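Same chain, two partners: chain A is paired with chain B first, then with chain C.
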Partner chain A sequence: MTGKSMTGAGDNNTPYETEDAFLDRSALARQVVKDTINKVLLGAVLILVLALPAVISSPTWLHIIVLIFFYAYLTTSWNMVGGFAGVLPLGHAVFLGIGAYTSTVLSLQYGISPWFGMFVGGILAVVAGMVIGLPTLKMRGAYFALATIAFAEGVRVMVENIEYLGPFKLNGPRGLQIPPLNIGWADFMFSSKVPYYYIILGLLLIILFLTWTVSRSKLGYYLTAGGEEPEAAQALGVNVSRAKVIAMALSCFFTALAGTFYAQFSLFIHPKSTISLDISFEIAFIALIGGRGSIAGPILGALLLRPVSDLSRIYFGDILPGMHLVIYGVVLILVMIYQPRGLQEPLTRIYDRVVNRMADGFIKGGDK
Partner chain B sequence: MIYLIEDTINGILMGSIYGLTALGLTIIFGVLKVINFAHGTLLMVGMYAAYWSVTLSGLHPYLALVIVVPVMYVFGYYLQDIVIKPIFKAEKDVREPSTVIIVTTGVWYVLDNLTLMIFGPQYRSLPDNPLQGKMIELGEMFVSVPKLWGAITAVVTALAVYYFFQKTRTGRAIRACSLDRDAASLSGINQYKIYNMAFGLGTAVAGVAAVTLVPFYNTFPTVGVLFDIKGFIIVVLGGLGSIPGAIIGGIIVGIIESVGPQFMTATWTEAIVYGLFLLVLFVKPSGLFGVKYDW
Partner chain C sequence: MNLLELNDVTKQFGGLTAVDKLSLSMEKGEILGVIGPNGAGKSTAFNCIAGVFPPTKGEVIFDGQVINGQKPWDLCKKGIARTFQIVKPFASKSVLYNVTVGAFATTSSRGEAEAKAIDVLKLLNFDDKKDAKSSDLTIADRKRLEIARALATEPRLLLLDEVMAGLRPAEVDEMVEIIRFLREQGITILVIEHIMRAIMALSDRIVVIHFGKKIAEGTPEQVASDENVIKAYLGDEYGVS
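Let's look at the complex of A and B:
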């Protein structure tokens, strides 16, 4: 996946290179070779991730990888509004919570399959997203960030205090347990972690494809323009607020789908685990470390930050409690100081250089 | 009725202390245009500094101000200088660099957990200090003495900071920087030094708040988180960047928290505070005392 998105960015940034390429036939050949290399690498990555569960048998490692994909998915959804639209939402866990609670309540009380509840939750999350987004999306960064935090925290406090919301049992701070009775695809419940792996992988591929489509659509250009220079964009007749609202709706919907996944994966949800500020923050961190507003950014961020927190918790957790968060914090600070635009930028450069060298090698080899 | 008045008085006192904890946040935002997510953590550092200086020296808790305030100023000054300044330099033309939020959160994680590793997770309270558990009787009402002293300190600190900003040369330079960075730089103000000073000042004020909290509040590694979100709410209620706004926003939150439980379950008051915050944000985003152009 990373390969595909990186090439996407490269193509966009260098329109002149392609123009020159038409003038220079050797450069054209080189471009073709480069495209092929990109496609081959992308295919290789895809085959690798598809075959991964066959190679990895340890459930712990599979669990860690599922969580990496889960966070990559969440961050890619966040990226639609947080990255492209240039605002900083810090309460996205509330939409995760809405998704988790909706599908769980529907399946526990009415026996409705979580696959259907997933979409109901998505729609409810869009409604909630509009409640907070419509009045605040036009505000400056700091206010929007604080408003989203307050909204998420307010909803969490309410859910913690509500036993029954009308006919729906939320069970307050104790949360809801999902009894693993009906195992199978129809009920989105499995005894092994492998099906979860493929579900989250599928979701991730869908959201990546969607982000890729949006980033090259009119909406994507409006969002980038509005995020970087709102006044200039408006002067050119771009309806910046409308673009932001659409991005927010998309982002909320897809975040809520991940909520259902989380509920079915952990089979236990409570307000502090779903609508948690920690998750909201972690999503934003992953996006900013990886590279906000780029397609590869969330994946790179999740690949880097999740293992940092998981592995340092495993290795330092017993000896030095808190060490894993110190490491995490230091990584955040260092990356932000030395790469304020995220790790995506230098890594794309290195990747391009490698592909160029490979293309050179192929062309020279072909001449001989 | 008498309980209502008693709760209101205690709410105002505790609220003023909340306001004091948020005052540093509003100072830093006013100048740097950045939300300092590490503010609660700085308060925690101040509380440990106050706790240890009182415990080791055996002085009156408020005398810790002499040690804590300078220490915190220097700490804040160099924290900004070493950790946050590079980002400002990297993102010169961005008005509100959101990367700073991430960096200050990183500082929060590092300091909170270093404290946990060094001092352990215990809750510490000052043993037999002269203010502990003291009450004044007003007719049938009881007013907590440490909170009363805290509230007085809050008002005095806010007035002092206000005076400093309005009347001193440095204060004016800081205000100039907060209005227009480039124009201030052109007039010969070293903007990065001003940022360091403003951050140091905000941290020192957090130190004052810490000293007032230590006599009646437990000190533990994650104590800052409790005041972090509350601080954000208070400063937006009062208006980001406004000094009287911070104290009055604090008092509003304090009254809701202390009078609310008379009418509902205590945990619901928290939801009321968030609701009020969002309401103010929707209706008047600049807050009660905020400057209009800032949002």
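Let's look at the complex of A and C:
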């Protein structure tokens, strides 16, 4: 900063005031430049992802990218409760399963569009989330995590062992096949991967925007406060349990929407592919490695880990199935040792430095 | 009318009576000091007022209303704020973030809450550290942060639990100034403290608790020369002769 040398020439009676005013103004200008740079970069990324399907024609690659977005979406939903509220849910696949089964059963048996079934699934997932969350969200540490695992596994075993739940056909371990008869937007079914790409991109943008809004709202502050120091938060007027329950409801709802997406994307669901611990753990892995409680963390985590998962399935699938979880484990251990707050922290620091340097460049360029 | 009243408040943990029929009252705008040897039941009484747990027997009356068993977050909205003896900052967040959490008690808009938080920080001459991460603060600043957060909830009654423990003498003096200043703002303050020099200088009245019972009450001078108090602190042999 060149502020000090310039104010030396000013009025001696009020040196501090002028200096402060000068620093304030130049800091403000700098902030404006930085905000602009951030917006331009964000816009560039947005245009890039919107144009991506025009560049990539290989369905395999598009499939991999759709799954990256799918996991980024799932992890961001998970992050609402697992990140901000400071608890560790390890059974989120159950809400994915509820979403997938609800919309699929409704469309197969009653001809209801999955677009509508999606929201029914979301609401059912909220109900299920309350059943598990209300008694357990008050627990700290491992107990909540264990309760969610037990609940998810219980539901999976149940679904695997029943053909009919009341009038609804679940078809046990064989799962449900969705015949691709009515292709088009009305039935959420497409022969190309491009529409799926845009749907999951849209969902991801919605959940990111929601997370950003929540993190800057009273609820977000209350969740963070309650997650870090519940007693102190309560003394400051925070009903910690209520904040956590609201976060859990939001998280369950949006996770279930992804379930419908998954069902329509793969057109075949069974208990192992939807309500499995593998998925629950993968979500938690992505969040922990990327950085829980941050907005960028789940995206970074999914960007880094999903390719590992897909490539290991391609190359080791026959010899070592589940290799990706082993790799995740190793990466997680390393990240927890060297960057306990996730990879987003060093990356954010680097990004900030780059933006600062760019801002300096612009301001200096402007002065000349 | 008294802002706070305790009528025969008793708190038992199993067979242990931590607070035994404690009665006290506080007028608006008063600074009341609560002292007593370690384990006397000060913090337990404090927690009964702050809603951490309900008293076993007796009544806690705030502003004419019985508040037994109400939850801390509800009491906070009624105007009771507290600090913690062992400071509990939201460690990964900035000072401003910490104080804004408190300010959300009276508003739902982030802009308003942040503006109020900055006002409070300015009031405490603390706004130069608003962007510092709270885990990087010195112990004196962490205690100051505890007070700032509590203050942001706009309390009428402020409960301070050993905010001067662990501070250097110069910092203690600074804290005494802050607490006096808060009283000038119209806040009623209950102070639990071990540093006699500070509490003698600060309090309008002092209540002494020993084994859960009130053994003395009065101005600092009265309490300092009270025979029971001297016995409680120094042992039976040290009677005033």
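Keep this in mind: the second predicted complex is superposed on the first by the 329 of 368 C-alpha atoms of A that agree within 3 Å, B and C clash if a C-alpha of one lies under 4 Å from a C-alpha of the other, contacts with A are read in each partner's own complex, and residues count from 1 in each chain.
Everything below uses one rule, namely that a contact is a pair of C-beta atoms (placed from the backbone, for glycine too) under 8 Å apart; a residue touches a chain by one contact, two chains touch by 3 or more.
Bear in mind that the values here come from a model prediction, so they are computed numbers and not experimental data.
Q: Output check: A:Glu153 vs chain B and chain C. Expected answer is one of first, second, both, neither. What do you get?
A: After superposing on A, A:Glu153 lies in contact with chain B but is clear of chain C.
Q: Chain B or chain C: which reaches more residues on chain A?
A: Touching more residues of chain A than the other partner does is B.
Q: What is the contact status of A:Gln234 with respect to chain B (first) and chain C (second): first, second, both, or neither?
A: Second partner only, chain C.
Q: Which of the two partners, first being chain B and second being chain C, lies in contact with A:Tyr143: first, second, both, or neither?
A: First partner only, chain B.
Q: Which partner does A:Asn79 reach: the first (chain B), the second (chain C), both, or neither?
A: neither
Q: Under the stated touch criterion, which partner chain does A:Ser215 make contact with: chain B (first), chain C (second), both, or neither?
A: After superposing on A, A:Ser215 lies clear of both chain B and chain C.
Q: According to the stated criteria, A:Ala225 is in contact with first (chain B), second (chain C), both, or neither; which is it?
A: second
Q: Identify the residues of chain A that lie in both the chain B contact region and the chain C contact region.
A: Common to the two interfaces on chain A: nothing.
Q: Considering the complex alone, what residue numbers of chain A touch chain B?
A: Chain A reaches chain B through residues 88, 132, 135-136, 139-143, 145-147, 149-151, 153-154, 157-158, 160-161, 277, 281, 284-285, 288-289, 320-323, 325-326, 328-333, 336-337, 340.
Q: In the complex, go through chain B and note every residue touching chain A.
A: The touching residues are 29, 33-35, 83, 86-87, 90-91, 96-99, 101-103, 105-110, 112-114, 116-117, 121, 221, 229, 232-233, 236, 240, 265, 267-268, 270-271, 274-275, 277-278, 281-282, 285, 294-295.
Q: Applying the document's contact rule, which stretches of chain C touch chain A when the two form their complex?
A: Within the complex, chain C touches chain A at residues 50, 52, 71-73, 76-77, 81-82, 84, 88-93, 97, 100-102, 104-105, 108, 110, 113, 149-150, 152-153.
Q: For chain A, which residues count as touching chain C in their complex?
A: Chain A reaches chain C through residues 216-218, 221-222, 224-225, 228-229, 231-240, 341.
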